[in-house]
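Heads up, there are several structures right after this.
After this come two complexes, each holding subunit A, first together with subunit B and then together with subunit C.
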Partner chain A sequence: MFLIKILVRNAFRHKLRTFLTILGITVAILAFGLLRTFIQAWYGGVEASSATRLITRSSISLIFPLPLSYREKIRQIDDVRIVSWGTWFGGIYIDEKNFFANFAVDAKSYLDLYPEYLLSAEERKDFLRDRKAAVVGRKLAKRFGWKLGDLITLRGTIFPGNYEFVLRGIYRGRDETVDETQFFFHWDYLNESLKRIAPSLADQTGWYMIGITRPDRATEVARKIDQAFRNSIAETLTETEKAFQLSFLSMSETILTAIELVSFVVIVIIVAVVANTMSMAYRERIGEYAVFKTLGYRGWQIGGMILGESITLTSIGCGFGIALTYPIASIAARALSQYFPVFRVPHEAISMDIVASLVVGLLAALVPIYRAVTIRIADGLRRIG
Partner chain B sequence: MEVQSPLVEIEHVNKSYRRGSRLIPVLVDINLTLKEGEFLALMGPSGSGKSTLLNLIAALDQVDSGTIRVGGIDITTLSERELARWRALHVGFVFQFYNLIPVLTAFENVELPLLLTGLSRKERREHVKLALRVVNLESRADHYPAQLSGGEQQRVAIARAMVTDPTLLVADEPTGDLDKVAAREILDLMERLNQESNKTIIMVTHDPRAAERARTIRRLEKGYLNDVPDQDPR
Partner chain C sequence: MTVPLFYTLRNLWTRKWTTGLTAAGMGLVVFVFSAMLMMAEGLRKTLVDTGSPDQVVVIRRSAGTEVQSGIDRYQASIVETQPEVAIAEDGDPLLSKEAVVIVSLPKRGSRKEAYITVRGIGTKSLALRRQVRLIAGQLPKPGSSEILASQSVAKRCEGGGLGETLHFGLRSWRVVGIFDAGNTSFSSEIWADVDQLMQTFRRNAYSSILFRLRDPTQFERLKLRIESDPRLTLEAKRETRYYADQSELMAKFLRILGFSLTIIFSLGAIIGAMITMYGAVATRTSEIATLRALGFQRRTILLAFIVESLLLGATGGVVGLFFASFLRFLTVSTMNFQTFSELTFQLTLNVDTIVKAMAFAWIMGFAGGVFPALRASRMNIVQALRAT
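On to the complex of A and B.
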């Protein structure tokens, strides 16, 4: 108890230095937490993916469509429960800066396959009944101030023409990982339009979404699907939803690695800052440590005081850093909502903050502890006066 | 106050320091016996080795050769851990620059050595109060060192040195940083501790007036201790 009293008082002996050190730790922990949140947000789609869903796409590239006729063959494969399909529409709402993800999907099977999109029974019924209906996520509706019954026009970029939709549903996510910024509508509506204006693009889909009975059957089912279309005009590549999401991320892997590296560099920098503070404190107190030894205190007790002081500083900085991470992440989430539908501070980032602060506290104290423990009393006392 | 049986016995002690490749002898074949209840002043010019001798007796430094027995224990054979324990129980220290811990109050500074003794909080409190009463600083118990004068700080240091009731009190230039009045108060206090509480005291000093308060004065010259002690100056 007494040693704790000493180490806390020592920690605040030089108020300006302590303030600046804590400020540095706070900023570093904040930066570390936000970078980890950013990385997590990037992986948001992966986190939300289900182990009982497979995605089948063209083996050449996602941009090559698959014939709609595949759905029946896929349905016949063992352990396949639901087959749905969808196409990236890429429509623009008023202006290109209003970007959001929009898909044409087979409405009923899609809603059955993705129970995490929560719609009221009424909205679901209205959506399924109206071919021009669209459903949007809660955040997207809020962004543009859309209400049920609103008429929304999207200008096609991949598919020519303007497409009008009536907003029939606003879904909520089942949990925080669910993207609430999507826009989806009936694939039939798109297909009928294409039959009229671009028949060569009709009766095709971008990918199939397949619900299977058990996660442990995923590999086998995927293999059977791809085998079914081997040597066809459009060979397929089937993978789990998670692998599908990860394949998108692999394109930006270098950036993510760089961000990850920067987050750890921040920690290394703060080790240097705290180590400098602790070294200065040690130099000023050599005589005091010698006095402690003179009185009969052991090296580990003095080491404990130094370590405690170091960890006190880093813990306070860590506390402030974590406390600031949430409101700043919340501001960032609003600002980046169109790019990162799910931008929330992950628990593991907070755990890493805490571990990092303890590690920084320990590393920064190592050299001063070693010196304080090994210095001869007579040498230490000589530094006084 | 009667001088009793030998408390400190120093035999053929040598100590040297290395400066680069050179070995500089600081103490040469030192022999000294100190009886319990004695008040010894060690005098000598700067660099004569008096502080080094004091450090060796107080187990703050180690001899190159020879033996030092305090209370029958050969401290030159003790491990670092044993020495730390021995110092905590048997030696009280008073330094020239007081060496109080600035973030602790006078009370807490005096309490520091007691934390190693296993006494309860209540017992520690009583001991500290008594020690501060002896040095007449009870009313300043809650003051930090920076709020005390030099003389008061040195009195706190003396209270800290004697709070464990040590066998031996060592003082390295205890009046070296004080004005005349404060120095006299400190010497009065040390004298009282020696005469009334029979504390054995070894004091290193430059100041002949301080040395006069001791029962015995020994002089060190270039690492050699003079053979004949000066007689009790009083």
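On to the complex of A and C.
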């Protein structure tokens, strides 16, 4: 108890300096936590992916469509439970800046394959019955104030023309990792319009989504699918949903790496700040340390006191930082909901915060400890501030 | 009478450890700040260099990008015969009808894939791009499956080097030339014969039409005519405008990210500077009182401490900029979500960035030093002299 009292008393001897140091640590921990959350949000889609789903796309690249006739061939392959398909529609709602993901999907199989999108039985029935129907996520509906029965018009960018939809369902995610900002509608609706206005684009789909019976069969099924279409006009590339999402992300890898690096830079900055505080404290107290040594305290005990003080400072700052991370992340989540459907503080970020604060405390105390341990009593007593 | 600068310098030097740590903290912030500016500048430069203001890009209305656009041959021939199109030396219009596809190619030495834009070019394509130079090999023969690869593709993609063969669209394409496109967005493209490419990918429509104007001032009239022609479903943009629009999202993202990071980080550095300067004032209480007793005025003391803090900031700024200057050799390649293809740019350091970064370092130094300096200048002489 006595030791802790000394540590806290020492830490708060210089109120202003301590306050500033703690403020600095709080800001740094907050920044670190938010950057980690940001990186996590980027990987949001990966976390939500299922191990029993495969994605088949054109091997040339994602923008090339696959013929609809592949559906039956894929269905024949062993262990394939369900086949759905979809196309990136890329429609614009009123203005470019109202961006959200919108797909044309084969409605029934899609809902069966993605049980994480929760719709009431009533909404599901309405959606499946009406070819012009669309379903949107809860967050997206909230963003534009859409209610069931509303008419929504999207302007096509890839497919020419304006498309009108009736909102028939608003889905909720099964858990927090599910993206609630999507807009999907009947692929048949798009296809029938294309048959009329651009027949060359009809009866094609962007990708297939395949549900398999057991996750351990994934590689085998993927290989069989790709084999079935080898040497055809549209060769395929099949991978698990997770690999598909990751391949998307790997293309923006440089930026993510940069953000990750920067999140460590903020820790280095704060090491410099705390080390500065500790070295100042040490310089002021050289005389005291000499007195401690005269009284018979050993070098490691004095070192322990310095380390304890440093860690006390960083822990307090870390506590404030973590406490602030949650409210600020929820504000950020609201502001960024357009870009990141899922933005919440991951548990790892908090544990990393704690580890970082301990490491900062340790690093900052290293040099003062070394000096305090090695200084000779006479030198310490002689030296003046 | 002012406090000699020498006194300030010696003070910083005496407390090397503290000065060093504070300057290092600020240096890191300046480093991040200038890295962000360099990135934004690199992106901007790439885009400015890519387009020419006297050239026009025509794409399908509301397609936004070449990749999403489609122009059938009938519409293309209408555009081709517009009177504003410049005429080349051989008497043909200086115009190129191009098709763009995106293919994924394996990177050298890894199993990762890069999305590369393959551009189908006509005979005038090279003449319309002043920034592109052939640096090795020769131009492909029209109508053959010979292709040109950009330097970055040759370096990074498996089979992209001179004399090597690339496979996409169920065909093999021989690389017969390497081009250098400098800092433009063409620098991560492959160029192939347009008719061969359209045939390979079973397309019947071009992606875009690029041409030079006879007279750059005629753009508005031409735009109006093209966009109001009932036979055409196209829109015309100046080339510079077109490329700026393409990476608007990316530029905005970099700007917001850079701005918020710098603000947060600079808070940390300002606090560091404040601690140092408060410490400097506290340890020199009797010194300051002596100076005051000698007749130095409050204002002078205030100035001396602010100068000290500014020097601290400047040191951090120079250190940060020194390390940031090495980032010039860094090339960033990332996915442009608007065009769905790779966007490559080099970080660029220019005078503007240097000025901004130094100004930023000084602002941090000032913000950190102003309160401690005020405290120093407000000291009561008698009490301060008595303090040890």
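One rule holds for everything that comes next: the second predicted complex is superposed on the first by the 383 of 385 C-alpha atoms of A that agree within 3 Å, B and C clash if a C-alpha of one lies under 4 Å from a C-alpha of the other, contacts with A are read in each partner's own complex, and residues count from 1 in each chain.
Heads up, the rule we're going with is that a residue touches a chain if its C-beta (ideal position, glycine included) is under 8 Å from a C-beta of that chain, and two chains touch if they have at least 3 such contacts.
A quick note: this is a predicted structure, and the numbers were derived from the prediction, not measured.
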Which of subunit B and subunit C A:S200 touches, first, second, both or neither: second
Which of subunit B and subunit C A:I63 touches, first, second, both or neither: second
Contacts of A:R17 with subunit B and subunit C, given as first, second, both or neither: second
Touching partner for A:S252 - first (subunit B), second (subunit C), both, neither: second
Chain touching more of subunit A, residue-wise (subunit B, subunit C): C
First, second, both or neither for A:D79, with subunit B first and subunit C second: neither
Partner chain(s) touched by A:D226 [first = subunit B, second = subunit C, both, neither]: neither
Where subunit A meets both subunit C and subunit B, residue numbers: 385
Residues of subunit A that touch subunit C when the two form their complex: 16-17, 20-21, 23-24, 27-28, 30-31, 59-64, 90, 92, 96, 155-158, 160, 200, 231, 233, 235, 247-248, 250-255, 259, 262, 265-266, 268-270, 272-273, 275-277, 279-280, 284, 367, 385
Subunit A-facing residues of subunit C, complex: 17-18, 21-22, 24-25, 28-29, 31-32, 60, 62-64, 67-68, 101-104, 112-115, 168-170, 201-202, 204, 233, 257, 261, 264-265, 267-269, 271-272, 274-276, 278-279, 283, 332-335, 340, 342, 388
Subunit B-facing residues of subunit A, complex: 2, 5-6, 9-10, 13, 287-288, 291-298, 376-378, 381, 384-385
Of all residues in subunit B, those that touch subunit A in their complex: 52, 55, 58, 60-61, 81, 84-85, 87-89, 93, 95-97, 99, 101-104, 108, 111-113, 115-116, 160
